[in-house]
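Input: one structure, supplied below.
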């Protein structure tokens, strides 16, 4: 199967997972969940790395890549940490 | 990506879908759902077709294939029809 | 016209999506039929795409097989009586298992002929064969039990689980050996032992658990299909196999939960507990030939009913279920179900016992009718919900002159289309007389404290899930 | 050490699975922290696998970028005040959008240099750029609104939707043109217009809806990542992008539902309805600076509380919510929450009004306390749940000599950690006096008929979902 | 066949043995019903209503001379004298020790059916007048207690202070006791109850009240749903253990009867002294000596600041519904006593059915 | 400063103006409380309890001669004569038309505080004795009705037939009416209610009862929560439209009072005639002529087969709680009348606070 088709398979199947994964979320977790999803969307960093690290990438591409890496990693680090701080606010379940 | 890896990706993603797809089923539909899943597992017919229809398949493979096709198609036809009959038993929702 | 492999791949993807919609559709009555049609469409597309693909070249055997299968399948499905459906599903199921075995062996033969064998492939083949074989014999046993060809009673002996484990290990070992060496004897013995496991796994399981077991076998057959998909490099088989495999397992789990059983116990036939501690109410009921049901079953019949008549008795008072009943009444009325309360003159333990409690829960007097007023209405009621009452609906009062309640007028609950008893056990009521209504065709018992049960109904009526 | 592409693929798959677990984990408080760690692990694995893969050869810029990003991100995250979290998320978000645009352009440059351009690729690139750009400016506007840099009020003018649609079409057209011809001007203009759309889409949306909008923008950024994945042929990006894209959309939908808003209205800022027919209670509250909350929010605080004090008032009587309250009390008590009822001497419309109704619902007298007994307990209560009461908890009675209720002793509900009012609207109580307690930091209003609301709480406490 | 419904003559008795509704059903069955003029007046049933229902309004003598005479209370000597020889009477007979009434009736060949002898079997529940009237007594006793109690029964929090709920203790959880529990709960009192029979615990809780538990070392369940008499030792222990519970009560309603025995003493003078000023005791066993020795039958007295209510005929205080229930019981009993003949109903052999066999009082 | 609590002398009055609990609070504030011996006996408060609470038990004259005399009912001529000049009395004054009492008091420089003049503002709710006593009247009226009604209030399905629930109609939904609704609902009756003020509809339903709606063409809401008098035309229409509803009722409780006016006629003789034999009317307005013209004040009479209950002092039938509430009201009133001085409480200027200003009756 050509790569594009594989990508399509993977994409379609992932959409279903995306559809189901967060149903039933506790309302109090809406905001942390948004923060986490935000952090995860920092996955573009992988793209940024690929662009930047490509051997023989032109310098303009490298500059683009550098900024992309910078921005994406701010998001990644900031995102997970913020999520963590939000979750820390949640009192420990004293019971159960 | 080699085919086996593609297969693995597809397999893993499908497992998640399988996990989520039927949560929340109405208990009254348990039995029809089993019947439908049974019918769908008749998908081995695709395998049977591939085995049987292969050019130059040996006759023993062809015989195997023939029986496989036969059995699988009994299941496919029988399965969907049975499901249909079960669902027909359900009274129409007179309201809404 | 021959499909390009790309077009075929897209068709397969569409087919997979259709199957997903099919399964999702079957989770709600409103979408169930559409779901089944999606499933049919998916299957048709899958078959068509396969036939039109480059790999399938000779059609003779295929046409013969499909045609014969179609005829047989259709006849079976149309002829079978409604009550024999479970058997039929089990029987059909065994076919899939056998087909999976045959496909795996056929693939082996083909690949061997083409010289494409390798350990990974042969490992995948072994997995397909083992799972398929278990599915086959397991389903045959399930069929036999349901059809009454084999005793429905669990066949148990000590050391059973150990024996199963040993055979299982041996089978796996043979599979590995075959994969590494291609030894045909190993293949043959492995297949044989896998057939045996199917029998030994299912034989200790009681007839009442068969629906769960069929769903479990379903799951196995899905995995078998997925294994075949790996061997054949066919993504459709993988996707559908994995989905069927996983959802079948989840469905078994859900079914067990609805029956308040542990899935471990069911799948490994009486693994531990069931024997000890005194049998559950459900099990006792099953022994006496009384049907037990889940909260959701009763709700299923009530939510679309035209009329539901509730018969409260002493058990409602003990459970203090009146407030929950009020809420259930309101929910049903919001769905335009007519709800009435039928009060027997001696329900409870004092005159007017039910009236006090229903008034406390603020159930309007207009909905509360006495025996003489309501007895004629049962024939037109869809559901009679007997909440902790017993003697007051016992037909023995009419039919059995030797019973101590003989001669007492009763509420004719038995005339409703469906009768659900909410009680905690098979114990009789005040008079100590066994209730003949339990054994009526349209009667089911929902075990548990009446208040808990009604609250469960309320939750179900509000509709959890999405 | 360099990873083989196969090993990398497997690492990516594991990483994707970790992300799925991360999201699932965040749906329940018990697993939320673990979920976040899964997410971190997934990200670390993804980055490591990418860096060690064959494609990444030069590390200078990368190390600089990651290091700088890590420092900035960490500082931002640690320094920001709890109340400014939403802004921070919006800001971080804009970075992802911009990064996506940069990646797409960088890819274009690389591919152009390698001479690997083709229409499909350029189409995918355009998609990545457009979505990324919208995410960027959209998030910037959201940040501005939340931070108060831009007015939080919706900016609306007639023809707005038409204008947006036109710009949108134009952008798409340019994208298609670029994909077909590779025209750089089209690319530039398309990027520019996409930035504009981000602004025009978000500017008409009110500040209160920003959380939903951020989730929506999140979804966009997921799609942008997926598009990038297609261009780069990277399955991890596709999987994670699609999951983030879809789940973000669903989350926006769920959030709207919890606030009883239509998602269409939110996303297309005041599309139709909101203007007409009289504002919703929630909107009115927002205008006055009063927080409104969902049933689930109140339940969230109650279910793990040590003590909940319920203050019933005339509204409880009007709604006849006493039976539902009883059930809620029982559910909370089953979770070891101490539940008390605080009765103000003049709650309701007659002496003892609340007592009659609570007795009817069979709420034990021991749980029912009068004002003098309970006022000292509010300080130790986690939640004060004001069920259709108003005047009896109004601090104006103490602080405002001009108010007609001045001098009346009140229940000190405001001293509890959280105060939830259940009422239907912003209307005052019997005395006609505005309630100052509404404006207190720890107070939220749950709008709706008290009985419906309490029943919703009961359902939530029983825990729907799975 | 004719049925006579005389006016009750026992002092204070306001019930009547048949009501217009039931008369209508009886005439539909072919009975001729003779109702004494004014028989239902005290129970709010007018002669016109009886006439409209098909009754023949007659003088006293004629009503008494019917083939079957139905009455609430046992007939007096003059009434017996006015009856026809060989006729049947249905009424309470109220004779634990032999008294002249039965002898007089048997002497004239009159066959009395004693309602208190209807057996406690399921089929006879609808003929059990003892239960139907006890039920009324239980309800009414609570109303009486509420009327005598100088405070609120329910909890009431008002701007003029809180009224605490009355602590009501019901002793004896038979038919009357259960109804008393239910009614006191309805009024919002804090209800506790006690009975020697352990199975009552669940019944008390099924009405939302609290059961008082004492460990007596023996059970008080007797045959046929009646309580048996306790041993002396157990009685003493019971009194002592109950005392503390009772002293806390604001209202006590006692219903502990043991058929044909003096009522057990459950509330001693000691306890009465310990109760709060203004408390109330309603003693349903007043007629058989009372569950409290200070009770005086048919009197409301105050002792040690506690009001003791000793009425002996509560059903008569709710004459309309009491008569309705009583009349229905009798109708159901008549239904098994007669069969359809050519010219209206004919009497069956009373020895045939176990219920009539048990209820018929034969000369010894 | 001292407060006197004399024993009430009005016939049938069992309440007392202060209770041991309240006396304790007053003495804690520095008041000297003089309670007439036996003042609380009828309300079940003993002299010992008062003494324990810190009261000085005194003879009648001494109680009356205190600086502040608290009473339930208006003082009689001899009582006024025994009071100290310039003292203050707190009590109901019950004088719509001028009567000799006020003149006599003013003549002696006694300043009467009339509890019925306490304004209906939120802050004064805890001093509003009219409401606190009305509340008791509403509760008690239902008990009285239940006691006079020869049937069950609740629905009761038994093996001896069914008792249908009593149809209870409450006329006038003020404080007493609402409590009557609540109590009748508790007893399980089928409760309907009617008031001229349209806002009562929601209040009736908030107690689970049904509102009767008539279209009179004008609203009966007056100032300060009181009803105003209707126009003649509206009155006639009301009577006629109500008649059908009322004729169906088994129990009617009327509470329609208009301050200082004869009570409106809501239940006509015509309606009484149409009611079922044995029905009951409890007329809380009996003192001002009655909402039914057949009612006789302080009497229970039967007219056309209907029992009419005309008691005029229901709170006195529940003397303990009525006194508790009353005493609390007075305590709350005293709290705003005095301030802390060096040697105990000192009287403030009564014109200062709007409540005392309104309640103080000045010579015209």
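The first chain written gets the first letter, and so on, giving A, B, C, D, E and F; residue counts start at 1 in each chain.
Convention: a residue touches a chain if its C-beta (ideal position, glycine included) is under 8 Å from a C-beta of that chain, and two chains touch if they have at least 3 such contacts.
Note that this is a predicted model, so its numbers are computed, not measured.
Peer 1: Expressed in steps between touching chains, what is the minimal separation of chain A and chain F?
Peer 2: 2
Peer 1: Chains touching chain B and chain F alike, please list them.
Peer 2: C, D
Peer 1: Could you work out the angle of the rotation that brings the CA atoms of chain E onto the matching CA atoms of chain F, rounded to the nearest 5 degrees?
Peer 2: 180
Peer 1: Which listed pair, C-F, D-F or C-E, reproduces D-E with over half its contact pairs identical?
Peer 2: Interface equivalent to D-E: C-F.
Peer 1: Pick same or different for copies chain A and chain B, depending on whether their interface residues overlap by over half.
Peer 2: The interface of chain A with chain B is built from mostly shared positions.
Peer 1: More contacting C-beta pairs: A-C or A-D?
Peer 2: Counting C-beta pairs in contact for A-D and A-C gives the edge to A-D.
Peer 1: Please compute the C-alpha centroid of chain C, do the same for chain E, then give the distance between them in whole Å.
Peer 2: From the centre of chain C to the centre of chain E is 56 Å.
Peer 1: Between chain B and chain C, what's the gap in Å when you average each chain's C-alpha atoms?
Peer 2: 18
Peer 1: Just curious, how far off is chain D from chain C if you go by their C-alpha centres, in Å?
Peer 2: Using C-alpha averages as centres, the distance is 39 Å.
Peer 1: Would you pick out the residues of chain D that each touch at least 2 other chains?
Peer 2: 16, 20, 235, 239, 320, 345-346, 351-352, 356, 359-360, 362, 464-466
Peer 1: Which chain B residues sit where two or more other chains touch them?
Peer 2: Correct list: 1, 3, 6, 9-10, 13-14, 16-17, 21, 23-24.
Peer 1: Residues of chain E touching 2+ other chains?
Peer 2: 125-126, 131-132, 135, 154, 156, 158-161, 163, 186, 188, 208
Peer 1: I'd like to see which chains touch which, written out pair by pair.
Peer 2: A-B, A-C, A-D, B-C, B-D, C-D, C-E, C-F, D-E, D-F, E-F
Peer 1: Considering the complex alone, what residue numbers of chain F touch chain D?
Peer 2: 121-123, 125-126, 131-132, 135, 175, 178-179, 182, 185-186, 202-203, 205-208
Peer 1: Quick one: in the complex, what on chain C touches chain D?
Peer 2: Residue positions touching the partner: 320, 323-324, 326-327, 360-362, 455, 459, 462, 464-466.
Peer 1: Mind listing the chain D positions that touch chain B in their complex?
Peer 2: Those residues of chain D that touch chain B are 5-6, 9-10, 13, 16-17, 20, 235, 239, 466.
Peer 1: Residues of chain F touching chain E in their complex?
Peer 2: 14, 43-46, 49, 125-126, 128-129, 131-132, 135-136, 139, 143-144, 146-147, 149-152, 154, 156, 158-161, 163, 183, 186-188, 277-278, 305, 317-321, 324-326, 328-329
Peer 1: Give the list of chain B residues in touch with chain D in this complex.
Peer 2: Those residues of chain B that touch chain D are 1-2, 5, 8-9, 12-13, 16, 23-24.
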